[in-house]
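Labels run A, B, C and D following the written order; every chain starts at residue 1.
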Amino acid sequence: MKIAYIGGGSREWARKLMFDLALCPDLEGHVALYDLDLESAQLNAELGNWLQTQRGVVSRWQYAAVAARSAALAGADFVVVSIQPGSLQVMADEIAIAEKYGLFFPVGDTTGAPGLIRGLRAATIYAEFARAIAAECPRAWVINYTNPMTICTRTLTRVAPELKVFGCCHEVFSTQEYLARLIAARLGGDPPPRHEIQINVLGINHFTFVDRAFYQEHDLLALLRAHLAEPDVLRPFTRAEVEAGGNWFQDNRQVKWSLFQRLGILPAAGDRHLVEFLPGYVVSPEELFRWGVIRTPASYRIQRWRDAMHSTRDLIAGRSPLELRPSGEEGVQQIRALLGLGDWVTNVSVENVGQIGNLPHGAVVETNALFTRDQVLALPAGALPPSIHSLIARHVANQEMIVQAALTGDKEMAFHAVYNDPASGLTVDRAWSMFEEMLEASRAYLPHFTKSN
Amino acid sequence: MKIAYIGGGSREWARKLMFDLALCPDLEGHVALYDLDLESAQLNAELGNWLQTQRGVVSRWQYAAVAARSAALAGADFVVVSIQPGSLQVMADEIAIAEKYGLFFPVGDTTGAPGLIRGLRAATIYAEFARAIAAECPRAWVINYTNPMTICTRTLTRVAPELKVFGCCHEVFSTQEYLARLIAARLGGDPPPRHEIQINVLGINHFTFVDRAFYQEHDLLALLRAHLAEPDVLRPFTRAEVEAGGNWFQDNRQVKWSLFQRLGILPAAGDRHLVEFLPGYVVSPEELFRWGVIRTPASYRIQRWRDAMHSTRDLIAGRSPLELRPSGEEGVQQIRALLGLGDWVTNVSVENVGQIGNLPHGAVVETNALFTRDQVLALPAGALPPSIHSLIARHVANQEMIVQAALTGDKEMAFHAVYNDPASGLTVDRAWSMFEEMLEASRAYLPHFTKSN
Amino acid sequence: MKIAYIGGGSREWARKLMFDLALCPDLEGHVALYDLDLESAQLNAELGNWLQTQRGVVSRWQYAAVAARSAALAGADFVVVSIQPGSLQVMADEIAIAEKYGLFFPVGDTTGAPGLIRGLRAATIYAEFARAIAAECPRAWVINYTNPMTICTRTLTRVAPELKVFGCCHEVFSTQEYLARLIAARLGGDPPPRHEIQINVLGINHFTFVDRAFYQEHDLLALLRAHLAEPDVLRPFTRAEVEAGGNWFQDNRQVKWSLFQRLGILPAAGDRHLVEFLPGYVVSPEELFRWGVIRTPASYRIQRWRDAMHSTRDLIAGRSPLELRPSGEEGVQQIRALLGLGDWVTNVSVENVGQIGNLPHGAVVETNALFTRDQVLALPAGALPPSIHSLIARHVANQEMIVQAALTGDKEMAFHAVYNDPASGLTVDRAWSMFEEMLEASRAYLPHFTKSN
Amino acid sequence: MKIAYIGGGSREWARKLMFDLALCPDLEGHVALYDLDLESAQLNAELGNWLQTQRGVVSRWQYAAVAARSAALAGADFVVVSIQPGSLQVMADEIAIAEKYGLFFPVGDTTGAPGLIRGLRAATIYAEFARAIAAECPRAWVINYTNPMTICTRTLTRVAPELKVFGCCHEVFSTQEYLARLIAARLGGDPPPRHEIQINVLGINHFTFVDRAFYQEHDLLALLRAHLAEPDVLRPFTRAEVEAGGNWFQDNRQVKWSLFQRLGILPAAGDRHLVEFLPGYVVSPEELFRWGVIRTPASYRIQRWRDAMHSTRDLIAGRSPLELRPSGEEGVQQIRALLGLGDWVTNVSVENVGQIGNLPHGAVVETNALFTRDQVLALPAGALPPSIHSLIARHVANQEMIVQAALTGDKEMAFHAVYNDPASGLTVDRAWSMFEEMLEASRAYLPHFTKSN
């Protein structure tokens, strides 16, 4: 079996995959790592091959960095993609531009003007990937990890509809884990394993919702409703306590819970993502603190990315200990199921063929799916309730416009997506100015979106 | 022929209808005026009958104020409805509540939180009308003039689908008139009559758009685009110049034009209405002034309403001169066409049977229609472009939720509409507080929406 | 104004158009007649120019036969198409082949295996026309008269969606004329003019239905129901009386009426066409006689076609008198309306944009439409009732398959249409044999549908 | 756990269920058997309780015949329904009536005029069941085995949409078994177990199709195509050899295979059922013999039904040996999965929520589904290809009309379904006569469908 890894110099996802493969007893083969940053890919190859020599590793995989994308893809059975669509500096720039217009995005990689412009860059790159995969390994399964997840995945299916594509994200898992802890807290006993928390997932990546959650006979949404009715569970946060949290990724669940309380459906993603999809939250740092949300500084991302390479070198050199643990991602189980080694049900981003009854066919949506031999079959998740439908439909429309704009170089359509972003809420003239500034910051990546007009 | 007029004490629409009937040579019959304010209806009856005695009146109509609604409706061929759904004071209150939450609505009768709560009151009243009409004159044509137009019309069709219903509004006419003046200004000659400006209308009442406009062979959207490219046509306004305008209904077209410039489709309604459908404009009086928009003070509305009765009395008493002129409304032409006296094409609000390809069937939308004997046939208007589709779809969803909430007493659903209003952009907790305050202001009209919860 | 006439040697439609143009006072221009049979086109040009010299002719038109299609089309404002898609001999052959399989088609130009194979030939030819028109006169209005109407019209819209296309057929007029005579017979007075019979038309060409028919306040479907309840109106016919009718085009209305009686909706086309769309009628000559239906012999068609040329020559030479009368077709009124000379409502075949709510968008359907300046706007006709919906939907699917098969050379798909034809009712092996024989008869016209497979 | 069995006197399905329960180690509870024929239910109860005393039985179930339906249903967790909708004599009568009109149905329980009239009876009965279940055990899972499967299941979901309903049928299994034998024959080795034959199922019960079939990496449709290309696999049968088969249920697969050959999609049901859905096959006994199809005589059905009671008595009395074997049905596995004892994938009839992309939502269709705790989640099966779509859509429309007609007593609509039946192909007058005769034969069961009209 051959896995091609585009973005094979990845300092997070590639490593997770290598560790999970190392712990999987019934798969073996080789992995071709391709990256614009060949040095990173080479280091990852070194790490992967070194892993095979370590105690506790139960599989046999060979890793190689490959300089040519076509060679990496040729004959692959699976293609994994996790890239950075543009530099971290561009990401920092567009978050800063948004701030000039009164918009304070905590993440900036999925939606809002920064996420949509990132999507424009990503779709431009992914259109090329789609054609390359269709040429080199048209029967391979393509697994996407890059954000914006929906836009990347949708570009692959738009450009090469014959490809077998899905996108994976762990964002929903934390809601299952939280519900498991809630069971323990309110019903006693240990938290059950995440997989025993049955939930119905529907929405789009990072803006998914849960309208049914059971553990055995226990209705977990009723349990959560009871929990929220208790004093001080729902409450304003202060800047001081949020900053004292000391964690750039903390999730205080105030946004999620207040939406559940008022809209009757539970958001599944972290609050940092959630606020970026909604009007009214990203209007000031203070408003975000009130909800317990902190913004990840661009400087932190850049530092973390730089540090990753050192820690890999330390590991191989024996300067830090190897801890072999499953990553918590499900890519390897999914691959096993697609090979016929046991069905698997999990949430996934794929084209809507009706699994969400009131979103357009063809749009990429996130629901549960059955992974079985050579098939990913989306499970029917029902329709979005009106309380949340038009908000999600609007994001879907924006994502479709960004993909279309990227494929055709239609600058007006790209702007229409930014203008329609619910979180922005700018008048048309200010939205246009912000859009032009962001395009300018990305001009190295979007040469076909000229300044004129 | 019998016309039943619900809201027959109306101080604006009823008088317009009486004048237009007076000038129409081929119709005659009687009009039953019903109103909660019987005195107003009696004065209108007096005016109508007096009109028949005046020079220049070419038709024979008898008017009577009728105290019982069922008697007014019994056997009617046409039912005209124009009411005030709740007092002007309630309207003033909810505009003031919105201001506490940072939302400054210039009109407040169509959308935004004030328009939606007004819609909740109106739908509650119209549900009764629908049942009364279905009982007394099920084959009558029902013509609605009340705002919120879409919600009122939709309530009639939801509650009594067998009724023949449409809603009329002159808002689009002013765009045709403006385009006629633009022809004169740029191509020379006199402005052509409004009816020779062929436009394709699509959207919902007060948020309609024009994607095709021709006068003979002249493409008027191209003409407008050329006009906007000239210096200082698009520009910020100052508070001083707007206030100097001295007209509570002035339309400086900056919102309309900037949307046309950036979204590629021309809004047809006045800017005062437009801003209420959009994010980003109603955030402060200053922002509105920048766009040349002024808010109509509630005190002005109340005064105008009081004055109307005096001016009617003055007219009948000969203290002011009678000026017989067509009102500019088209109700009488529509009635003639429905009676088989000549086909007529105009814009109208009716249930979507596909005239707008990408809005839900059943929703009330505004497009052109062919009026012919006993039929109003909506003309296919095409699909909304993505630049504006999701915004309109969101308003449609909100209107449907308000009607549904009014019919079922579902307070949560009413809130979901308010929460999803694009102009509001409030976090879910603030939206809820505003909603509760507005319900409280309307409690006399909405007894089934209790405070609890 | 320039009209291009493809099939300009037509011995029926071209002449009708020339006579109608001669009687129309407010149009003038020139007509380019193009035909594979140049001699016929030249004779028609001679006839047209001769007409201009005759008394009673109120317009000025110049006619010229043009040998090159591109020259004929270049710069045209209107393109009229009426051709024979393959020889009359091929038509005779395929009707004869069908008889070998127990299928006796009275016409054979619209549906059934002969009509579908003719459609395959026509779509192959029309695909070329579409490209030629798009190249030479993309803004022209294209008016199709050729059968199979739906397949020809649909091929134009599929291949060149930017073209403005509609198809015209007089078949529905005779139902209006019949209803006018029924009014006279049952209500007294003279039959009203056809245009005062208001009907709602829905279906596909030659298989259209009427679910609403009014003359002023009179419900004509109720009137017809009363008529059919009288003795001997519905009854079996004998071969002898049908043959005694002495008219190859007689319509005894037994099929139409019995369907109306049992299905509750009135077919609008002649019985000769109707039976070809239905199971159970074309199974033997005797069954057809029982319904008063006679088959047009191929020999008659060939003779009529030959005679037409002589009668034209006789007319020009003064050997037969000129009778200037409107043809009863509406092409000239439609052209006037499209030029802005007065709106016109009539039935027409155009792409479904929702005018029939439960047929697929894009399929060509027949309903009423409003002709206005540069637009044909289909009027909403509602949904087909379940009694007839699935039968019509099946024909629509077959027509779509034939167009698709012609454009892609997909022989299997062409067979699937023939197999699914409701009138055939053959087992799959017999349907395949018949299909192969018919393709063989058409091999000169369908070289891309090879015998193999 | 409580199972209520409506039709608990069933001589086939009830016994199968009892045997499968007896062999299932992890379920226990009691079964309430209700039947109009109380004696049969009592005998089944006796059999069930006797079974518990036998060697090899691994579960504990108690059986009781219950005289009142409401008592049988009260508090049930599962409701199984298998009834005879009208006597076997009525079934014999309507098959005989059809023969008078030239229609020779081999089965007559699913479609064609006999199946549709049976459906009318069944829907009338099932409407009552739906209300009873909704009243007594609204949270129970309802499993239907009665034919016509689709009409029965759909009546339950139409009348009581809140019920959890599915229909089970083993018809598709035999195609899997055949493909397993084909693997052995062409690839060597033993036939793999049925469950390892992965197929995608789509259509409606007894008219399902397979467009994808794999065993590990082997494409079984390609394998079958190769098989059919061999000499004499596809060939006409003779009456003599069919009768010599000596099996009323023999399936010679000529219909299935020739459709697969020409339409490119493999029917999954037996040929006896298939021909009833198609035009052209049931036109004579000879035509059926040509395809290897024999009709089940009504006398055989009646005899078998009578014999079943004796054989049960013989078994209990020890006059015949007990053979404990799984029935091959999957009801018990499905129940286990719904109880959370392990996911299960199989084909099932449920409402379409999009699992078949081009059939109407709400119609009952057959595809694969995932059975999991308290949920049956239909797996996306794609769209029907045009070669077969309009034929299936027509049957779906007929089934919907029968349910609607039964619920409203709309005789015309019931006729419209019969008229539209593809297998009948009668002219409208003959179809009406046959319909009236069949209604007369069923008058004891359909009192609301009067003879008049």
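What we mean here is this: contacts are C-beta pairs under 8 Å (C-beta built on N, C-alpha and C of every residue); 3 or more make two chains touch, one makes a residue touch a chain.
Quantities reported herein were computed from a predicted structural model and do not represent experimental measurements.
Annotation of subunit C and subunit D: not jointly contacted by any chain, touch as defined at the top. Averaging Cα coordinates per chain places subunit A and subunit B 45 Å apart. Each chain gets one centre point, the mean of its Cα atoms, and the points for subunit A and subunit C are 56 Å apart. Contact of a single residue of subunit C with at least two other chains is seen at no position.
If you draw each protein chain as a dot and join the dots that touch, you get one closed loop, with every dot joined to exactly two others. Every pair of chains meeting the touch criterion is listed here: A-B, A-D, B-C, C-D. Interface of subunit B with subunit A (complex): residues 258-259, 261-264, 278-281, 287, 291, 386-387, 389-391, 393-394, 397-398, 400-401, 412-413, 415-416, 419-420, 422, 424-432.
Across the complex, subunit B meets subunit C through its residues 198, 214, 216, 340, 343, 345, 353-355, 357, 361, 370, 372-374, 377-380, 382.
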